[in-house]
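I've put the structures underneath this note.
In the two complexes below, chain A is the common chain; its partner is chain B in one and chain C in the other.
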Partner chain A sequence: MNPDIVRDILDKHSQEGNGLISILEDIQARFSYLPEEALKMVAEAKNIPLVDIYGVATFYKAFSLVPRGKHLICACLGTACHVREGPIIVKEFESQLGIKAGETTPDKEFTLETVACLGACALGPIVVVDGHYFSNVGQTEVRGIIEKAAEGFETADLEQDYHIFPVEASCPKCNHSLMDPSRIIDDYPSIRVTASFGRNHGWLTISSMYGSYKVFSEYEIPKETVVHFFCPHCHAELKGATNCVLCGAPMIPMIVSGGGMIQICSRKGCKNHMLDLSGVNL
Partner chain B sequence: MENLRSIEEFKRLQAILLEHVDTDIPTIIINAGTCGQASGANEIIRAAKSRILGKRLVDKVNLRITGCHGFCQMEPSLLIEPSRTFYPNVKPKDVERIIDAVLHNEIVENLLYKDPSSGDRIEKQEDIPFFKKQARIILGLNENVDPIRIYNYIENNGYSSLCKILEKGDPTWVVEQVKTSELRGRGGAGFPTGFKWELLAKQQNGESKYIVCNADEGDPGAYMDRSVLEGNPHSIIEGMIIGGYASGATDGIIYIRNEYPLAIKHLIIALNQARDLGFLGENILGSDFSFDIQIVKGAGAFVCGEETALMRSVEGKVGEPRQRPPFPIEKGIYGKPTVINNVETWANIPVIIDQGGAEYAKTGTDGNSGTKIFSLVGKIKNTGLVEVPMGMTINEIVYDIGGGPVGKAKIKAVQTGGPSGGCIPADKFDLPIDYDSLAKVGSIMGSGGMIVLDDNTCMVDLARYFMNFLKDESCGKCFTCRMGTQRMHEILDDISKGIGTLDQIDLLEELALAVKDTTMCGLGQTASNPVLSTLRYFRDEYVEHIQNKRCPAGVCEELIQYYINEECTACGLCKKACPEDAITGEKKVRHVIDTTKCIKCGACKSVCKFDAVETR
Partner chain C sequence: MITLTINGLDVQVEEGTTLLEAARHLGFPIPTLCHMDGLTPYGACRLCVVEIGEGPGAKMVSSCTFPVQEGLKVRTASERVLKARRMIIELMLSVCPQSKTIQDLASKFGVRQQRFRQEFKDCILCGLCVRMCEEQMMAKAIGFRGRGESRSIGTPFDIETDVCRRCGGCMFVCPVCELRCTYNEPEKAICGGCANLVPPCVEKDQFDDMMCYMEPCVACEITKD
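So, the complex of A and B:
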């Protein structure tokens, strides 16, 4: 466990004046569980007895005091899923993975959890794996779901979903195409811009597949860094009027061939993007 | 986005936005709430965007991505405006054809909704039986707005109610309107909202007061709040700002459960946009009224939906309820006066201010005004969210809107109110839905879960399910709740395993009443309801489990056996699926399950395409 990460989380929350639960949620999001060392740091920083933090950490279901697997499988057992044979699905996962609900496989690949209701009751039984929803799950589909999770969803999506399509981007200032046929990403020419952060100034290429998040750059960009984008042709900074609604960094606008505007967040690691096909750009 | 500093500036923006709305070209609406995305809406969106860009149709057709419209069974679905054509269960490959048809003002006949009873194709959404009897005052708005675009909300009259009250400049007028509307808390208890606000407005304790939106929708089987949070977050924000103005509160908190990631994302976006435009923060729209809202995420505890537990959770503590009085209205979060209302209640506020309280009160019945959203789920043909005027009968909801039972099964009851509620048997389905009638038959309105149960649902198993849930979720503060729910669960477990005795039914009843009378919070006081109401209407099922060791619904594992009926086509699927090799049968001969080998895993039943595997 890296204590700096915990310190950063504590700093962020003390500035925003947030409570204990938000802090623990962030720590859990970062480490997939609540390490004891981290809880001790929280206790000291917030001047709360460790026993009280332990109370909170064990009271709420979202928290785990033991490390969890790489993939989280969450099977819904809400009333609607229960009457639609959700328990049979849970049993099937248990027997396929060789663990009980609430446990993690010895190779730390999978954690199986049940949840009281995910709020998609019309489509029960529901299973959520690493944020991906599966609806009307039948016993025979369980194996496939586990395999898909092990494979990873982003690669699976690109291969299987033929509706993921490439976009052609151009500079909103000079209208020059930003496509770079010499650098292929996801089998298509990439979008090339000039990226600047700190003292670094170099090329950056983005996959032109809408729905792919692949990015390569001349200089490695540290996580969370806000990057300035420039057109490699007219050298104007690509800067829109809006900021990212999720992280507050400026959004980078580019014109999309066919009539539209795509905006991507300029912060490394933030996946927010918007493809506007019409509408007022005020 | 530019900060709006006066009501005039807001009106100017609204006028500009309305001018730009292009009503001459058709709009394709894709609903992509959590349930839509779970059924593949994202692929539909990509297919549509790819087609529109590829064929350069940007000026010929609009695309609107919205939250959930309610007919979850038919998702992913498309709605076309202005024709109101509804395409259910759309596949990505259909999108091209639909877009082409829309451009030529045509319809794709064989992709339209097919009425299951008559087999007729129905074009318009409003003509589909599921939608016909609904009054979609709140849910209907989801169709009109893209939840991540505040301008969309403003185009649809959004923030006009806020403007209206700022122009009036009189908080007591707002309270009066809400009182006249007779709006009652949609979280389930049904306390009149206007009175609550009036009490908060009168509180003199300290400078700050809190307004809370309870979005900890913990009832398993209920998800209408999620749908509103995801689909129209600005309506909740506007409702809360109006509540703040009426009661003199300065701080708003949305307490939302962690299990709703999309709702949290849309709320964060909506709050940022509202702040950017000046609907939140200091001196809202140039007035002397200041108010802001923050999000507090829950961490998975059902009891935190109880208001005193919720307040402690907001303070970062263990979510244990406390004794009332003092009521939150006097001493709430951090000891400050606090009002807590449910998501749906807040979403009704802009409507009330817009229409006027008296006009709003015309919907529904006396003392139960307005509409209520139910999540109609379980063993029913049309599952989804339905919004109906108060006073509609259960029959109308279950049969006219819900389309009745699935297959040959018979509906025997509905369960309302989640773990705190009870069952209403089919012979009471002519009951009008309102707070008071439901209480009379031993259930509650609750937040709106309505789970339909048919003769394949075992009532003992259902009671056991709820008790299992409640024993896990009991915070443990009151002894009778902590131990009582455990003991009740043990008894129900015994009965479902066929080792119960008739004395245990009496014991169960005694325990249930003891828990009801001796616990402190709403969770404990209602924890017995699932037991008491199933005992009241379905005692014979309990007796059958005990005396004849039989589960009439074929659910309780220890009491049932799997067998293959005459529908069997000897396809061999079950034989392959069986992990124990318990199924034998030659080609063209009905297969047989060896019950001594069978481990009752259900694999055969789930693979059978002919409903030939049954339990008895």
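So, the complex of A and C:
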């Protein structure tokens, strides 16, 4: 656990009176669980007895005190899903993953949980994996769901998703195009910049598809690292005035051909991005 | 001052007094378990239940947390109240049948049967220890964890904390008193709860002439007959 991250979260919430739940939510979002040291830091900073924080953390099901897996599988066992053979689905997940409900696989890939009701009883039995809903799940579909989750839902389906389109980016400082036709990602030239973190300094290419999150880099970037971006042509740092609303890291601006700006979050793992078309005559 | 009627008697008490305090001021006994002078009222055990109002609109409230109201009509021992109390005791007895405090209550209120499965838990979640720790000992070392069926009392992460001074206040106030009950070493026992367990001499014949701490000894009476 990185104490600086907890300190950042505490700083972010220092203005609000107590804000315990928001702080715990942010910590849970960052670490996927509530580490003991983090709770102690919160107790100290907020001057709340640790026992009270522990009581809140154990009261809400959204909080977990043990590390959760990369993918969270939530099977509904509400009344409607129960009569529509929800327990059989849960058993199938248990046997396929080799864990009991509420546990995490030893490789920290999957966490299986049951939930009392998701409020969509007509679609039961329902399974939610990483925020993606599966309705009318049959026993035979379980394996497919696990495989899909392991693959990741984030890989964009280029042929079917109309929300995805390619953009051409250029440096906001020297206006030189950042497109790299020699590296093709998602069937389109990628956006190439120079990335710097710690002592590493090397190229980094991003898919030019707006909505795809594919990134390749010369050096392996550890998760949660904030990376500095530089233009490979004029060597100026690409740094905007705004910070990411999700994680607080600086947003990286790039000019989009045809007008407008695209901004991406500089933190590895954060998927925040936005397309700013203000002042553009369409 | 507020005037209210308790069991037909008019009484004048200060605003902010609870029904329990007002009834005890008049001398009406109301049994309590989670109530203790010096600790904030909690209303967890519901044993102090009384009936307020009249006719079909009569309500059952926990008197330890209910502040007095002008013209309120209170009955502390109506048939409905006694029935509710017996049920509460029976339920508590099924959770902690080994507790002397609850057994005494059961015998006092004529609970002669147990229709529920006995669980032999060591806590009835009355919250006395939590409040004792916080309000009298100024420590906040223990608290409630979890909710529903998995609700329990203990320290964060179930480990020893520096906050706890080991004052023993929590064990002193505990009505279930599992921690101090020393079964085999009666001289160390404080709560006397072990007297309600099956005495060791009944289970082990070879202790026929052992020094008995119970006077009169239940087990000896049984074997003599």
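Criterion: the second predicted complex is superposed on the first by the 155 of 282 C-alpha atoms of A that agree within 3 Å, B and C clash if a C-alpha of one lies under 4 Å from a C-alpha of the other, contacts with A are read in each partner's own complex, and residues count from 1 in each chain.
By definition in this document, a contact is a pair of C-beta atoms (placed from the backbone, for glycine too) under 8 Å apart; a residue touches a chain by one contact, two chains touch by 3 or more.
If you're wondering where the values come from, they're calculated on a predicted model, not measured in any experiment.
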Which partner reaches more residues of chain A (counting touched residues only), chain B or chain C: B
Partner chain(s) touched by A:V51 [first = chain B, second = chain C, both, neither]: second
Which of chain B and chain C A:F59 touches, first, second, both or neither: both
Which superposed partner A:R199 touches (first chain B, second chain C, both, neither): neither
Touched partner set for A:K223, first chain B, second chain C, both or neither: neither
First, second, both or neither for A:G19, with chain B first and chain C second: first
First, second, both or neither for A:E36, with chain B first and chain C second: second
Chain C-contacting residues of chain A that also contact chain B: 52, 55, 59
Complex contacts: residues of chain C adjacent to chain A: 140-147, 155-157, 161, 163
Contacting residues of chain A [partner chain B, same complex]: 19-22, 24-25, 52, 55-56, 59-63, 77-80, 82-85, 88, 91-92, 95, 115-124, 126, 131, 133-135, 138-140, 161, 163-165, 167, 210-211, 241-242, 245-246, 248, 256-260, 274-275, 277-280, 282
Of chain A, residues touching chain C in the complex: 36, 39, 49-55, 58-59, 65
Chain A partner contacts - residues on chain B that touch it in the complex: 1, 16-17, 20, 22, 34-35, 37-39, 43, 46-47, 49-50, 52-56, 58-59, 62-63, 72-73, 75, 92, 148-149, 151, 217-223, 226, 258-261, 265, 268-269, 272-273, 296-302, 313-319, 375, 377-379, 383-384, 415, 418, 449, 451, 453, 457, 462, 465-466, 469, 473, 475, 577, 601-603, 606-607
